[in-house]
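Some notes on the structure that comes next.
By letter and in written order, the chains are A, B and C; residue numbering begins at 1 in each of them.
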Amino acid sequence: MNAQSPQPLLTVRGLSRYYGQHVGCRDISFDLWPGEVLGIVGESGSGKTTLLGCLSGRLDPSEGSVLYRDRAGQSHDVYAMPEMMRRRLARSEWGIVHQNPRDGLRMAVSAGANVGERLMAQGARHYGGIRNQALDWLDKVEIDAGRIDDSPRTFSGGMQQRLQIARNLVSMPRLVFMDEPTGGLDVSVQARLLDLLRRLVGEMGLSVILVTHDLAVARLLAHRLLVMRGGEVVESGLTDQVLDDPQHPYSQLLVSSILQV
Amino acid sequence: MSATLEGYNFAYLDEQTKRMIRRAVLKAVAIPGYQVPFGSREMPLPYGWGTGGIQVTASIIGADDVLKVIDQGADDTTNAVSIRRFFRRTAGVATTTRTEEATLIQTRHRIPETPLREGQILVYQVPIPEPLRWLEPRETETRKMHAFADYGIMHVKLYEDIARFGRIATGYNYPVMVNGRYIMSPSPIPKFDNPKMDRNPALQLFGAGREKRIYAVPPYTRVESLDFEDHPFEIERWERACALCGSTESFLDEVVMDDRGGRMFVCSDTDYCESHRPDRSEQEAAE
Amino acid sequence: MDLMINAKDLRKTFILHPQGGVRIPVLADSSLQVASGECVTLHGPSGAGKSTLLRSLYANYKLDQGSILVRHGGQIVDMVTAAPRTVLEVRRRTMGYVSQFLRAIPRVPALDVVAEPACLAGIDQAEARERAAALLARLRIPERLWHIPPATFSGGEQQRVNVARGFVLDYPILLLDEPTASLDAANRGTVIELINEAKARGGAIVGIFHDAEVRDAVTTRLHLIQPMDAAA
């Protein structure tokens, strides 16, 4: 975390999203600081994914605001800015890692093209350069260079997820949204991915909003947690404080429900 | 010239429809490369035979126009002959096979070799107007991508070509950037013809009947073929000359002559080929 | 001597909601001052709240009331009310903590587990690894284990990795929760040396030591903690 940076990267105030009568999430406020990993935990249906959608510019909130400070120090209201700008942000300064890699990858093109797409969208026009960067990123996410021209369809679930991460990080984003990045993976594959994420996040000084129902994942990656239930944040604080000394009845229940290994 | 058919409006379409299409054409000219939706009509020929091109031609043709119709460069193929005859009978206009003589040229899959001049209009028949569909099947999404000039995936396609074949293998319908703003499908012309679109003195109009889209490249508009710095855009080249006219400049078709593998390379543009044959050079000698 | 920790009027009650809201008071009006260069040993019977106090100092437990003022660089930070990122910053540069158990990170080799706090504090990787190697050697972890993730290590080996991790940076404040619990005599001796060296360079140390030998060897001052009457 970067203590010199006096301004939050993301400022969320009174964010709510209703589906008719049903509450997706209600009155969420927090600041995300540069280099901070914020975990959003809770069981399915607690509003985690709705909140992530609202934060990442993909789901219009019913109320509230999300302010983002860009690389140049300019502050933007994510939902007041033109969609064109929002998209540009989303493919340059932001990244989104979906739970299902098929939602985040272009399955019809090669691994190299998947990694290179953001570079090309940002105007890279040197094939050799794009390919070298793609190779570099495949190496970083531990995918063999020989697979660069293969379709992600031929990749295992863990490899697809690592490819999705490379595809997002190649543009050197500042803020990455992750929705259950280790969900649906075998435990051994999970460990590898977690280690990789932990390392990349630290090396790149990324800010991350991480949605997970897995408290072990949250403990390993997140600096700070929001515990959600019924669309609301019932507790927030330092990750180890929330997990080792939960205050809210629901947080206590959540923590005590984990199987100890 | 055969007699004009009784009972049909000039150039077949009713005046309301023509006005609607002309409005779409004007808009298309105003926003080079942008696909303007229009109310495509049922035409007396099947989709895929040039219904878009015919509607554009029918809407802009006047009694004084001289019409040329080509299909794959040839004036004498079924499609070209039928469309030429259609306008002769419904509009009573003069037709020609000579590029220089024509004021209006409807084409499928080629741009004439003879350079076009100011005042001429080239109407392309377009099967699939959307160049982004290859990677993004959702029309709602491709429209936004155009609106926001969010064009990263076009180079993804070219990247895939190079990764797979070592070069950009796309030979037809090679995507172009129009006026530095919109990515456009040039219709399935060979990439050989792409450079001719750039800053062409003629007006180029594109009609897609089934997909109900019209777009345009106004005269002297910049049209750039997409490429990479280290894999620049290149056109096809042939080792040989046209077997009929000896041209080394034109786009050649390979024609199979017999069952023993005999083959011949000839100009795909029949008008150009005829005007370059030795017997025609007498005219030049006479000058 | 500079006062490094000034904890006042600490109160902590655990409320166990899943058990029908049972209230367990652990700390009440507890206070503690620690200056640089001293090692304060928390002393009292088991269940008196020694670990709770130590964890509260680290902001791992959340207090009901009180303040824990900590000297962090040129500032004074209250660990009870500070924002999470400030607490993390204090932990990164000022306050180290050695728990009884190592929380192993999958796939990260022992050497890097130990070097990590130094890297996070901005020391370059080569130097951090050098320090880590020196500590692992001192704590008699065979070199062949340095490049293996410690998840498969024995309890004693894991504990020594944990101790090394706590001493890789010269923290101005160090909290030690039974750092010698499962160590043999030789390694206990090394830990005693490490603690006394930390004291000598001005570290403020708070520890829980069940082992009398260790306690006697390092303690500057005992801080007695009496168990509270659970019915109070």
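Worth a mention:
Note that a contact is a pair of C-beta atoms (placed from the backbone, for glycine too) under 8 Å apart; a residue touches a chain by one contact, two chains touch by 3 or more.
Worth saying up front: this structure is predicted, and the values here are computed from it rather than measured.
Shared contact partners of subunit A and subunit B do not exist in this assembly. Closest chain to the protein centre (all Cα atoms averaged), using per-chain Cα means: A. The chain with its CA mean position farthest from that of subunit A is B. With centres defined as mean CA coordinates, subunit B is found 47 Å away from subunit A.
Inter-chain centre distance (subunit B to subunit C, centres taken as mean C-alpha positions): 77 Å.
Centre-to-centre, using mean CA coordinates, subunit A is 32 Å away from subunit C. On the side of subunit C, the complex with subunit A involves touching residues 14-18, 55, 59-62, 84-85, 87-89, 92, 103, 105-108, 120.
By the touch criterion stated above, subunit A contacts subunit C in their complex at residues 1, 3, 33, 36, 191-192, 194-195, 198, 202, 219-220, 223-224, 237-238, 240-241, 244-245, 247-249, 252-253, 256.
Those residues of subunit A that touch subunit B in the shared complex are 83-84, 87-88, 91, 106, 108-110, 112-113, 116-118, 120-122, 125-131, 148-149. Residues 135, 144, 147-148, 150-153, 155-156, 159-160, 162-164, 227-231 of subunit B are the ones touching subunit A in the complex.
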